[in-house]
Structures are given as C-alpha cells and as structure tokens.
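These notes are about the structure you will find just below.
Chain nomenclature is as follows: A, B, C, D, E and F, assigned in order of appearance, with residue numbering initiated at 1 for each chain independently.
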Amino acid sequence: MTDSHETLTHFDEAGRPRMVDVSDKPETAREAVAEARIRMQASTREKIEQGRMVKGDVLAVAELAGVMAAKRTPDLIPLCHPIPISGVRVKTAWEDAAGAGAVLRIEAAVRTTYRTGVEMEALTACSVAALTVYDMCKAVDRGMVIEQIALVYKAGGKSGVFQRTDAQA
Amino acid sequence: MTDSHETLTHFDEAGRPRMVDVSDKPETAREAVAEARIRMQASTREKIEQGRMVKGDVLAVAELAGVMAAKRTPDLIPLCHPIPISGVRVKTAWEDAAGAGAVLRIEAAVRTTYRTGVEMEALTACSVAALTVYDMCKAVDRGMVIEQIALVYKAGGKSGVFQRTDAQA
Amino acid sequence: MTDSHETLTHFDEAGRPRMVDVSDKPETAREAVAEARIRMQASTREKIEQGRMVKGDVLAVAELAGVMAAKRTPDLIPLCHPIPISGVRVKTAWEDAAGAGAVLRIEAAVRTTYRTGVEMEALTACSVAALTVYDMCKAVDRGMVIEQIALVYKAGGKSGVFQRTDAQA
Amino acid sequence: MTDSHETLTHFDEAGRPRMVDVSDKPETAREAVAEARIRMQASTREKIEQGRMVKGDVLAVAELAGVMAAKRTPDLIPLCHPIPISGVRVKTAWEDAAGAGAVLRIEAAVRTTYRTGVEMEALTACSVAALTVYDMCKAVDRGMVIEQIALVYKAGGKSGVFQRTDAQA
Amino acid sequence: MTDSHETLTHFDEAGRPRMVDVSDKPETAREAVAEARIRMQASTREKIEQGRMVKGDVLAVAELAGVMAAKRTPDLIPLCHPIPISGVRVKTAWEDAAGAGAVLRIEAAVRTTYRTGVEMEALTACSVAALTVYDMCKAVDRGMVIEQIALVYKAGGKSGVFQRTDAQA
Amino acid sequence: MTDSHETLTHFDEAGRPRMVDVSDKPETAREAVAEARIRMQASTREKIEQGRMVKGDVLAVAELAGVMAAKRTPDLIPLCHPIPISGVRVKTAWEDAAGAGAVLRIEAAVRTTYRTGVEMEALTACSVAALTVYDMCKAVDRGMVIEQIALVYKAGGKSGVFQRTDAQA
C-alpha cells in the first residue's frame, strides 16, 4: 500500500514539471520487466503463425521494434532521464486466451547500471512492440485490443524490489 | 468480419518486411480516433486531481506528450509511412470504474489529408499519454495497468468507416 | 494592431493543448524570414574571422546547424505541424555594433507549399545557429548574449504578408 | 577577461570541426543556469494570464518543451557531446518591463555528473521554451521578440564558477 | 556524361550551404534503387545462413533497419529535403563472390510522389542495412568490408531516367 | 582467423534479437577508427576543390555530417547500445586513385570510456560523410560509388586491439 502523503515528485513546489534531479543517487545495477497483451481474432493469430513459418514474421518485427523503442524512451516520455541502458530483451508468446480470440503476451526486460530505474524503458518497449503487431495486422483485424500493459518486476535502487502479484493483475 | 484469405501486406512475396507502396492511392481526408484506459489506486487519482487544482498537472503533461508522440509514430513503428498529420487532439477523462480503483480514459483524434490513414498515430498518441501518466505517478502507485488501447473510429480511404462496437470492446 | 478578442487557438474549449487542425486550409506557397543577433567580445569576433580565413569556420558550421534544425522544428515545438519544407537558407553577417563588442546577425529564410506557415522553422533555424556560435566560442567568451530573435517577414496563407517595421524592432 | 591567445578548440589543427575529446577529464558534478527573455504586447500577456487561470496554459507547455529540448541538445548543436543529464528545471516569470509591452523571463537549470558541462543544454532549454511561447501566441502577436538568451551561472569542471554580472548583462 | 559547367547547387553564390528550394518543381512519381555489397569470411556467411534457418535472422534485422533508416535520411544528410516517402523495399541476396570469402548484395528501392527524388533515401537504406550486418557479425568477423554503395536506377523528375551501366560498376 | 564455433551474440537461445547485456563489463577507454572511400569523376573532384577554395565546401559539410551521425548511431543500428561518446574526429583526403577518376578517403575516429566499443559509431560516421558527399555532388556525377567502408583500428575492451592489415584490405 502506498502512503497517501507522498507527493508527485515530477513537479516542483510551484507545480512546474521538472526532470527530477538524481545527481546525488549512486549508480547501481537495475532491472525492470514489463508486459503487454494484445487480443485478436483467432484467424489473425493463424495468419501470424503462418507467416512465422513461411514468410513475413510479424513477431520478429515487433520484438525488434520493442528493442529500438526502449532507446527512444527519453524522447517520448517528457520527464524521463536519458539512461545508458545496457541490455534489452523483448519476447512474445501465445497465451491460453480466456474469452474469445487469441492473446499474444509481450515481455520486455531492460537493464542498466545508473542512478535511476528502467521501468519506463521496459513499458515503452512492450507498448511499441504491441503497436507494431497492431500495425502489421490491422488490415485483417482492426478490432485488436492491447489489453494490459503493466510492470511485472523491478529491482535495484532505493525503493527495492517490486514483484507484481496476482491480486494486482 | 474480415476475409480469412487476406494476406499481411507488410511483407513481400518472399516474406521480407516492407513499407507498403501507397504511391497510387489518392490523397483523401482521413481521421482516426483511439483510446486507452489506465487503472490505478483511488488514492493516486486523488493525488492527480489535487495536482490539477493546485500544482502539478499530470493530465496536461500527458495530453501534451500524446500530441508530440503522434509526430514520432514513423520513428517508432517500423513500417509506418511518414504522414503530414494536419491535426491532433488528446483528451483525458475519469470514468466510473468497474472494479477496484480509479480509471482514466485517454482519447486521441488525428486528422490528415493523405494517401494512407492515421490509426497508428492515434494509437501511439494514446499509448504514450498513458505511459506518461504511469511515469509521473509510478512513485506512488507502481501497480497501475494500462488496460485497453484500441481503435474507436476511422474514416477515409478505401476501407471506409470503422466504428468500434460494444461487442468488440 | 491585434484584436484583443482573438483567442489562443492552440487550446481547445476546455484548455487542452492541441495541434490545430489545418485539414481544410489550402496548400499555398509560403515563406518566412527570421533573424537573431549574438553579441560578443571584439576579440571573439577576431578569432572567428581568423578561423574563417585559415582554419575552423565557426560561421559555416552555424549556418549548417541552422539548416538542419529547421527540419527538427516539429520535434521541438510541441504543437507545430510536421511541414514538408521545400527550401532553407541561413546566412550570417557582421553588423556595425551599437554598444560594446561585436554583433553577428543571422538570417534564416524557409519556404514551403503547404497548409500552414514556416515562421517557427525560420525562428528555430536562427536560434540553433546562434546557439551553435555560442557553443563553439564559449571557451573564449562565456558572456556572449543572443540578443534579438524575431520574425522579419512572412508571406502566404490567409493572414497575408507580415513585414517587421523599425518601430517593432 | 579572456585570453586572446586561446584558440577555438572545436577545430583541429587543419580547421576541421570535431567533437572535442573529453575522455581524460574526470566526471564531476556540474550545473548551468541560462535565461531568455521574450517581449510581447501587454494584451498578449493578458491572454496568457487568462489562459493560465481558466484554460490553456501557455507557460506550462513552454516549460515542458524546454525540459524536453534539453534532452535533444546533442541532436541540434553539431559538436555537443551526448550528456547523461541528471536534472532539468525550467521556470517562467513576468518581469517589470523597461519599455513598451510585457516581458517574460525564462530560466533553465540543468545538472549532470559528467566529463563536460551543461551550458548548452540550459541555453537550448531556454531557447526552445521561448520559441514555444512565440508559437502559441503568434496568431495574436507576430511581433514578439526573444531578447536576451544568456548564461547566468555555471559551476563544476576545470574552468570553475561563472556568474553573470550586471556589466555583462 | 555530365556537363562540366554545372555547379554544385547545394551552395549559394557566396558558398553557403542551403537546402535547395524546390517549391516551384511539380510533384511527380519518382523512384530510386540503390545497392551495397558487403564482403565477409565464408564462415561468417555460414553462421548467418544457419541463423536464418534455426534462430537469429541477421538478414531480416538488416532489411528492417534499412527500411527504417530510409525514414531518417533528412535527419542524417544535412541538405536533404524531408520527403513523404510512399514505399520502401529492402532485400538481400548472396552473390557469387569474385575473390575470397562471401558477398551479400543489398538492394533498396524507394518511391515517392514529390518535388524531389529519393536517391539519398535508397542509398541510406542500403548503407544502414549493411552497417547492421556488420554490427551483428563483427564479433566473429571484424574484417568485413562494405564494398560498393551505388545508385542503380532512378526515374522521375526533370533529369529523367538513370540506369547504372556495367562500365560504371 | 575466427572460431567457427562462436555464435552470433545478438540473438538469444530462441533466435530473438536482443541488445546484448553489458552490465557486467567494466568501463574502459576505447577507440575505433573506420574508413570509407568514394570514387567519382575527375571533373567532380575539380568542382569540389574549386568550392573548397572559393565557395561551397563539400568536404567541410561532409565532415560535420559524419560527426553528427556518430551521435545518431543507436537510432539507426537496431541492437547498438546508446554510448556516451567522448570524442569524434572525421577527416577527408584525396588519394592517388588506382583506376579511373578520383578517390576521396574519409576517416572517422571515435573515443569513449564505456562498457562496449565504438566501432559502429566510427563506421556510421564514415558512411554518412560519404553519403553527404554523394548528395552534394549527385547532380553532376550520379555514378559515384562508395567503395570501401571498413574498420581500420580498434582498441580497448576484452577483445583487445584490432589493426586492419593489407591482406584484409
């Protein structure tokens, strides 16, 4: 549970947005893992899997787009620090879908040794990978939904380890 | 309903990714509207609303980040065309949340007069606006989830009007 | 004189920032010219002029940086439209300085055929060219001041021709 | 006073531009503060202040644009190093204007722990914030002038502290 | 054969670099095809081909990097116009190598309907695809050489069709 | 000679592209030097040399474009790490051409103190400098060929010193 007295640190005392000063924080090893899910028609999943076999690998393109997007995070998220990320890994896997259609799970893990964490990089990688799947399949399935973008795990830094629980999910 | 015989046009006959050639398509007025939802603790919503009143407007920063992200779409989505977008609008509103916590809805509308549509621009604007909310509130609520990024409406171009229905949502 | 009843069109009726929709505006030829001045020590001017002769041409680097910056304008100015600029020219010239030191004038002219004007592109080109002069000379003259960035001329579009007058300067 | 024998280090012995090698410089805490001023009609100031109250906050958008621009500095200034900036703060305040109209002062402060300083980042943040004010108000006041972009303060690194004096201003 | 009296149009009469004004040129369909070759050890080719079968497709990553780089051309080449490219295709194929080792040929084709051509976009796509191959294989073959980046074909615009001949190659 | 058992480390065990994790590698001083050659008509060389004397310095623009491109490397090469490069130098020189026409050699040297090397930054700088020469001269010599982009030297890091030999060239 969070303390309701905590304040949003991205604003100064007059309410101006700022990039929080992390000059005094030590450089420590950090890692973050995030996930996204995208729900689609079963026939769209079939097309993607056929492509993976024969020609046109949607998932490989999406994974690569996710890795590249992690590097663009500070350009996109206004108050994010530029971070020398030291490793990025994006992977996709089909899930047993509750409900109609098919569900693809995307997971991104990012590492750095720096003064602040890489949650936003992992979340951005997931999001852009999911958007890339949408882009490549939208001509056959405009109703796809990106369902659940969330932080799964985080380690390093003063706030310690965060591990998503089922209750949260 | 989509035709299961349609192919994924972002690959050529040998399975190589390509930016689809739209040279022969006419320039027509196009619009796309997309949405995202982000679920958070009720106490996080309180902090955001207090900021909006007094100091530190999370939602204004997120809306602006969404507008700017729409312009970066071709840098992020590998096979997207660069598009001269002619208007972008991002807005946020609190929803009656089914289930625990609070839910913020983000809607982005993008317009252009061009050879291809702006669905990806609208979806990217929504996604980055939602990620920006996460970034600014993560210190108080790391368990926030971006729940539902989807296309709401699309007009213009050969494929005509798309309007999301409840069944799809 | 401006009409005090005009509103700031970059916000919607609820105060949200937006990229103004120009879809319905016709494509017309447009041009904008902007200027900047940078005041420096006379000895700094000497160093720049020696470099131009012999080695290390500060002004050529600054002019090129200005041309390139015009292309980055929509990445920098949040509500600017991406514009297919069709020509950019940046030039520098020494002025007779009123007051101490030396004054370099930078002028940028930008052209397009599009739905909205290129004032911001011209102003951004000037500004970045001036910042580049500062960067290259700061080790010898940290007190340089960029004194006057202003629109000089604008043509095309519904608002017609703007020509800066001395009274304005 | 500067030493007239110093050379412009951004060029090599043959006059080629280069990014100066800072590999051998130690990482130290550094800070830079810069400012810009923008002069406008009194009626434009009124519109901005009304927006801040009711709807459409020009100054909040400009401050955010300044923070984001600090991160783009190495993309804009040709020979600037990429720097892991650790904090950025941009603020605006109205000044008692000498002369006609109203004057807005913009101040940007940037911090890092690195091998070279952040003057250019602070100056770029100021400049882009000022350009953003111009963009949002140009429809009502095309004659606005950005009057004075200058370094105010600098600390850290071998060259030590720089503090702008009135004589310089 | 070129006319030795032609001048380099990227400079004005005083030698300043400029983005050439194309405002008065009509929008016409244009296409450019470029190629690059990269020579490597035969054992490196084997590794790439094994990856293509089983895991880790170097060529797919390189082709995608080429498509994306075509969009970044105006950010990289100082005096290039931003161009609304309407289609990009990058493909790779092994060649019968004259001399030692293996040779991969990369071909990029770019199309637009605009006022100026897309040669630079095609050449940039080829170059970055080749650099990406180098990056992914450098740990096993640091001596790879990118041997021949050249324009193959160009159509559209006032200068008409260009077709590379063997004499040129 | 390379060990045929080495694997391509840019892919994980399932063949997914990844940015290799360098978190555990120490920060060490590193340097890389790369080169490119561009072959052109003798008359094109004459035009470039006349420009250098009088007006319009193609080589200065290309050198600067190379320096700036080194900073964009992680945006272009999908699996490259963002690296805090600490120095970049690009230089051009005419070579005695074997065969017809004239040959310009471009050399880029990049330095950093970091966990991974700067070969790709040096190669990207060379490549973009060569493309910039092509861009500025293409109106007079469309048949120019970029002939040989290669790593010349590399020092620092676990793999030690690499020095290109004639046999390799």
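Throughout what follows, a residue touches a chain if its C-beta (ideal position, glycine included) is under 8 Å from a C-beta of that chain, and two chains touch if they have at least 3 such contacts.
Source: prediction; values computed, not measured.
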| item | value |
| --- | --- |
| Number of hops, subunit C to subunit F, where each hop joins two touching chains | 1 |
| Pair from B-C, A-E or C-F with over half of its contact pairs in common with D-F | B-C |
| Copy pair subunit E, subunit F: interface residue numbering same or different (half cut) | same |
| Most distant chain from subunit C, judged by the mean position of its C-alpha atoms | A |
| Centre-to-centre distance between subunit E and subunit B (centres being mean Cα positions), rounded to whole Å | 33 |
| Chain centre separation (subunit C, subunit D; CA means) in Å | 15 |
| Overlap residues in subunit B, where contacts from two or more other chains coincide | 14, 16-17, 57, 60-61, 64, 68, 72, 75, 78-79, 82, 84 |
| Topology of the chain contact graph, where touching chains are joined (line, ring, star, complete, other) | other |
| Of all residues in subunit A, those that touch subunit B in their complex | 2-4, 6-11, 13-17, 36, 41, 43-44, 46-48, 51, 54-58, 61, 64-65, 68-69, 72, 75-80, 119-120, 123-124, 127-128, 130-132, 134-151, 154, 159, 162, 164, 168-169 |
| Subunit E - residues contacting subunit B, complex | 29, 60, 63-64, 67-68, 70-72, 82, 84-91, 111-113 |
| Contacting residues of subunit E [partner subunit A, same complex] | 57, 60-61, 64, 68 |
| Touching residues (chain side subunit F, partner subunit A) in the complex | 12, 14, 16-23, 74-75, 78-79, 81-84, 114-115 |
